[in-house]
Amino acid sequence: MNWALTGAFLFWACAWALNEWLSRLTPRSTAGKRALGIVVPAIFGITLLVVWEGVVRGFEISPVLLTPPSAIWTRLISSIPILWADFQQTFMKAVLIGYAIGCGAGFLTAIAIDRSPFLQRGLLPLGNFVSALPIVGVAPIMVMWYGFDWPSKAAVVIIMTFFPMLVNTVQGLSASSAIDRDLMRTYAASYWQALFKLRLPAAAPFIFNALKINSTLALIGAIVAEFFGTPIVGMGFRISTEVGRMNIDMVWAEIAIAALAGSLFYGAVALLERAVTFWHPSIRNG
Amino acid sequence: MVTPNPTSNVVEARGLGLTFETNDGSVRALSNVDLTVGKGEFVSFIGPSGCGKTTFLRVIADLEQQTEGDIRVNGMTPAEARRSRAYGYVFQAAGLFPWRTIEDNVALPLEIMGYSRAEQRERVHRTLDLVNLAGFEKKFPWQLSGGMQQRASIARALAFDADLLLMDEPFGALDEIVRDHLNEQLLDLWARTQKTICFVTHSIPEAVYLSTRIVVMSPRPGRVTDVIESPLPRERPLDIRETPEFLEIAHRVREGLRAGHSDE
Amino acid sequence: ADDVTLQLKWVTQAQFAGYYVALDQGFYEEENLNVEIVPGGPDAAPVQMLAGGGADVMVDWLPSALAAREKGVPVVNIAQPFARSGLNMVCRKETGIEKPEDFKGKTLGTWFFGNEYPLYNWLSKLNLPRDGSPEGVTIQKIGFNVDPLLQKQADCITAMTYNEYWQVIDAGLTPDDLVVFSYTDEGVATLEDGLYVLEEKLADPAFADKMVRFVRASMKGWQWAKENSDEAAMIVLDNDATGAQTEKHQKRMMGEIAKLLGDTAKLDEAAYQQTVDTLLQGGSDPVITSAPEGAFTHAITDKAM
Amino acid sequence: MSLALTTAPAAPSLLHRLAAGKTLPVLIVLAALLALWYAFTVYLNAPWQVDAYERAGTTWTTADLVRDTMAQERPVMPAPHQVAAEIWKTTAGTRITSKRSLFHHAWVTLSSTLLGFLIGTVLGVLLAVGIVHNRAMDKSVMPWVIASQTIPILAIAPMIIVVLNAIGLSGLLPKALISTYLSFFPVVVGMVKGFRSPEVNQLDLMRTYNASGPQTFWKLRWPSALPYLFTSMKVAVAISLVGAIVGELPTGAVAGLGARLLAGSYYGQTVQIWSALFMAAALAALLVGVIGIGQRLVMARMGEKP
Amino acid sequence: MVTPNPTSNVVEARGLGLTFETNDGSVRALSNVDLTVGKGEFVSFIGPSGCGKTTFLRVIADLEQQTEGDIRVNGMTPAEARRSRAYGYVFQAAGLFPWRTIEDNVALPLEIMGYSRAEQRERVHRTLDLVNLAGFEKKFPWQLSGGMQQRASIARALAFDADLLLMDEPFGALDEIVRDHLNEQLLDLWARTQKTICFVTHSIPEAVYLSTRIVVMSPRPGRVTDVIESPLPRERPLDIRETPEFLEIAHRVREGLRAGHSDE
């Protein structure tokens, strides 16, 4: 049998056992818990990489189809300045700005819809409609409207993130219990008071759901939008260009950066969620 | 002290009825209820579980719409009364917001009604003291025992000064000692502030001890079967509960209740 | 019959008329071949299809084929039906551009996927940096349409004589509004639509024989298409599953394609050398770093013709 | 019985009935959007039109401009009636089996959307079950599930297609798998939240019965998670459609709405792009609507307070 | 009838203690609790709100882990006892599943424990009758009054035959008549089936009426301050509550409670 392949799967088996054992530990200190929370997924991730390397070497897969992680790493280390420039263009501008505006707009629209039964009946069905505009069709149009630079990518991100936010917020706003709403009624609380003091806190778990889903959608949206016209910098630009040049290792280096940035972004949102919705059973129960 | 006065009735119900439509037919929760509560009265509602006590309170509070008859609160419709913040309501279930600490839960109505920071703090402090929850200000509801949660919700309703208090079994989850203590406090508050109180309870001694009038209800459809005036003086030490007058009223209430039950 | 899967470089259009004609007119059948034509697209890298075993033979441009070769996928050109390049740079006249030197300070839109190298080569000949400074040019990656020129988002864009150029005209601009530079005239042309297979497969005589028959039938198809231009366009139209092509455009495209076809499928070594030279001088990071060896063979065409 | 009890109120005016339902609000909002759209059409197409007038040296009035901006052959933004006409032509005006029929393309996309969505939802739920029940999975898998979603799908779609092709999978499944890749994620996130949403005392109750894992799951976690499931599915089906369209591109974009979009874009046929876009959006709205109806039916059966 | 027998103790706690860690320091809910409950006993727990009654029941039920001391249930650890389905638990809050009708809520433990369809139906019917909820089988919890919900949750715990019943203020939300009725029913059930019952209540008469032993607790940290044996016979008509023996025990309990309160 093939050495690379066998080695990889042996490694997998050991790592799996180790993880099973680790995650059964119940460390007393919070530092210990935090360390465990990093070590376990890290082991899992390293396992994935080892298996990947083993499979590529073991089956002698052509480098234009799949590059081994080692090659990707070499490439990544040697291309830091390019990757950094791409990251700034795509993440710092298109993703963050588009995410903020898209989530904000979805949220405000949900409030407007909630406020006005008229809009609720008129806008929600149409909102579903707009939401589903496929990115592939929208991206070229946005390039046409907003030019080559990041604003057109941000526009795509806005469109993509709008709907999950809208749906979740609308759902969340109806999540408060009847008795709690009655309580606010007995105080003759105004719409806004009931909103801020009861319904938004109760909706927070749903809203964070959308924020989390959107954090990854935004990144995909911005990158894919760059396939349809861009200045010669950006993660999407690099990916599509380097595919054409058969530099698959560079493509994966860029993907690795995207995955890292996206995971950190998601993690940040998740941390915020823990802080804000500490009272929700899903977080209270661990 | 103000004696009940027909021109200043706080609650006036005439031929009140309410039918719930449910998936398997309709439930008649209230039927032909006539009742007047004068200003400054302390009226207790007692009756078997499911007889419509909560429903009646909810109609007063404009949380439910009657399907028949008419009701006025302070001479207004319940909706108008609610909008003028005429009453405080203690629900049967505590209903504290899990994302607020106990003190913030009690401050909730004060925030909504626009009290100043300082006054909020002062009132929260005072009412939490009143219900014996000092020291638990910073805890979250799920960290409190059931009875403590119920006390926090009483504090929340007492924190602001509504002239009408609607209380739905506020002391159900409390032990006798605390209950006695709160009963005394409530009577004291009532005497001092001339509030009008509508009070649902299952305890006959409690009803007799607290009320100027006891409304006995019977179930399905909820009707008022008896209204018992209490001749006890307004000043009521705890040991009034051993006097013959007291026991006599308690007996009448028990008889009324039993009659309602045998209807079933 | 022997199965052959042909991977195109682009969507179904008259650019590939010869293959569709050969299929439609039964030329492949006559050679005892059962051919399946798989259209490509912007994201389908034909080389990957070939390397992954999804296709036997592909239509590709020489630059990207050479790049793949250097990256370890030994593809070999077995035939080169297109003798001339159809790649142009089209500018609006109102921008004041009359000659390539006038690119200074302008925005040029180009396709990537290897198409940028001839342009880079051209620009370095012109001594224009690509840094977006007033002394140089700004490069933008454009999608595969002509909107950037129409919307004035770019001063010049790459365009094929047979397709994008006519789209500009259809949009309402007249030839008088435009200045067109041909890559061929500027000496930076590269060889376009050739047929490529994997080197190791070619070592198998049975496969080589299959390819001989395939190239022979395909060239018969191209010959037919050249002679019956309009019918060929209609055959293409029939094979377009998107239902998006128009008759007018495809007929015109077929006419232009005919002008690019060579008399034989045999690769012209001079043109090959020019492509290689152009790519080697690409600038800072060239597509290929050294002259390739054995990137083409005449063995198939010699037998086929 | 309830029919006999409730006397019908005086027949309300037609207007009243419309206003109470969805029709009138939707119509009004729609009209507002249309007006806005027309305004945009004129605004966005005007520069080109003015240019055209100047090149041709014709004199023009505002009325000319407005009329001509709405009748361009390749507008920056097509007018609503142009899109409507195109949609009509390619749906009602074409045999459904024809390659030019938009319905035909919609069906191609829909089939891979549905297959992908189905696999994605099942996969998402299964993963969520694993994550909620197995600590090792919770700790190790979730971060990588998240990371997987940050991989730009369009970049690896060609590789997926090629790899699947190499192992003999082609046709519907590769496209559907791209939908799956995108759609399982909202389901995982939503369901993990949903499965963890039962209150402490509800879980305690199950503990006192010494309920097995599957019992606690089916009798408590699953019903509690249903509201989350439906919300997630609404998002997932919309994303699944996007995935199906993306999946069409590297498979040669031969048929389907994605192919229409792309072909429209290559040949500068803006009107065709917009009609494909609308078809896609209509499809998504339909799918989301169907899930919404399912949600209402299930929630009603579960005794949700109306 | 079985008399409490040291060799068949159902609950045995030795030096039991429990401390909760919260965001602002730790709360000592139980401290040094020693207690033995023999088979067939009916033990009531009484004490001020927040004194740890619920916590103690939860430790028995393996819903909470003691931080000190030791506890055995039927001679096993609480976890083992739970796994052998040794007890039924009535929670302080009804905690019905909102998506199940009343009958389905009561059937829940039966489904889990694998009773046959027919037996499920029979038992649901019988226990709903017992708590006076016949006719409400198809309603959802929110369509019931608070007391009715609590009765449904009692029915749920009675539907299956556990030898040990842990009841946390089951009758708190019920009116006196229904409460008397259920008290009688419970005593009857207990006498008939020789179940062991641990019962939390706030009502002194209820505790005295029902129990063979009354455990008085005091708060912060929850300790057992008094254990009062009841010399009343097992046969207890309702009017036993007016006998001097009864009043004497009630008095002792009240004294014990008051002592606990003054500690505060």
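As written, the chains take the letters A, B, C, D and E, and residue 1 is the first residue of each chain.
Convention: a residue touches a chain if its C-beta (ideal position, glycine included) is under 8 Å from a C-beta of that chain, and two chains touch if they have at least 3 such contacts.
If you're wondering where the values come from, they're calculated on a predicted model, not measured in any experiment.
Chains that count as touching both chain C and chain E, per the definition above, are D. Note on connectivity: the fewest chain-to-chain touch steps from chain B to chain C number 2. Summarising the inter-chain layout, the chain whose CA centre lies farthest from the centre of chain E is C.
Inter-chain contacts peak for the pair A-D, counting C-beta pairs in contact. Remark: chain A and chain D have CA centroids separated by 19 Å (rounded to whole angstrom). Taking the mean of the C-alpha atoms as each chain's centre, chain A and chain C sit 38 Å apart. Look at where the CA atoms of chain A average out and do the same for chain B: the two points lie 50 Å apart.
Among the residues of chain D, those in touch with two or more other chains are 76, 154, 158-159, 162-163, 199-200, 249, 262, 265, 303, 305.
Among all residues of chain A, those that touch two or more other chains are 65, 140, 144, 178, 227, 240, 243, 280, 284.
The set of chain E residues touching two or more other chains comprises 93, 142.
Residues 19-20, 22-24, 36-37, 40-41, 43-45, 48, 65-66, 118-123, 125-126, 128-138, 140-141, 144-145, 163-164, 167-168, 171, 178, 205-206, 209, 212-213, 216-217, 219-220, 223-224, 227, 235-236, 239-240, 243, 251, 255, 258-263, 266-267, 280-282, 284-285 of chain A touch chain D in their complex.
Of all the residues in chain B, the ones that touch chain E in their complex are 20, 22-24, 27, 46-50, 53-54, 92-93, 138-140, 143-148, 151, 168-169, 172-179, 202-204, 254, 257-258, 261. Here chain A touches chain C in the complex through residues 62-65, 140, 143-144, 147-148, 227-232, 237, 240-241, 243-248, going by the rule given at the top. Interface of chain D with chain A (complex): residues 21-22, 25-26, 28-30, 33, 44, 76, 135-136, 138-144, 146-156, 158-159, 162-163, 185-186, 189-190, 192-193, 196-200, 203, 227-228, 231, 234-235, 238-239, 241-242, 245-246, 249, 257-258, 261-262, 265, 273, 276-277, 280-285, 288-289, 305.
By the touch rule above, chain D contacts chain C in their complex via residues 48, 52, 55, 73-74, 76, 98-101, 104-105, 154, 157-159, 161-163, 165-166, 170, 249-255, 259-260, 262-269, 272.
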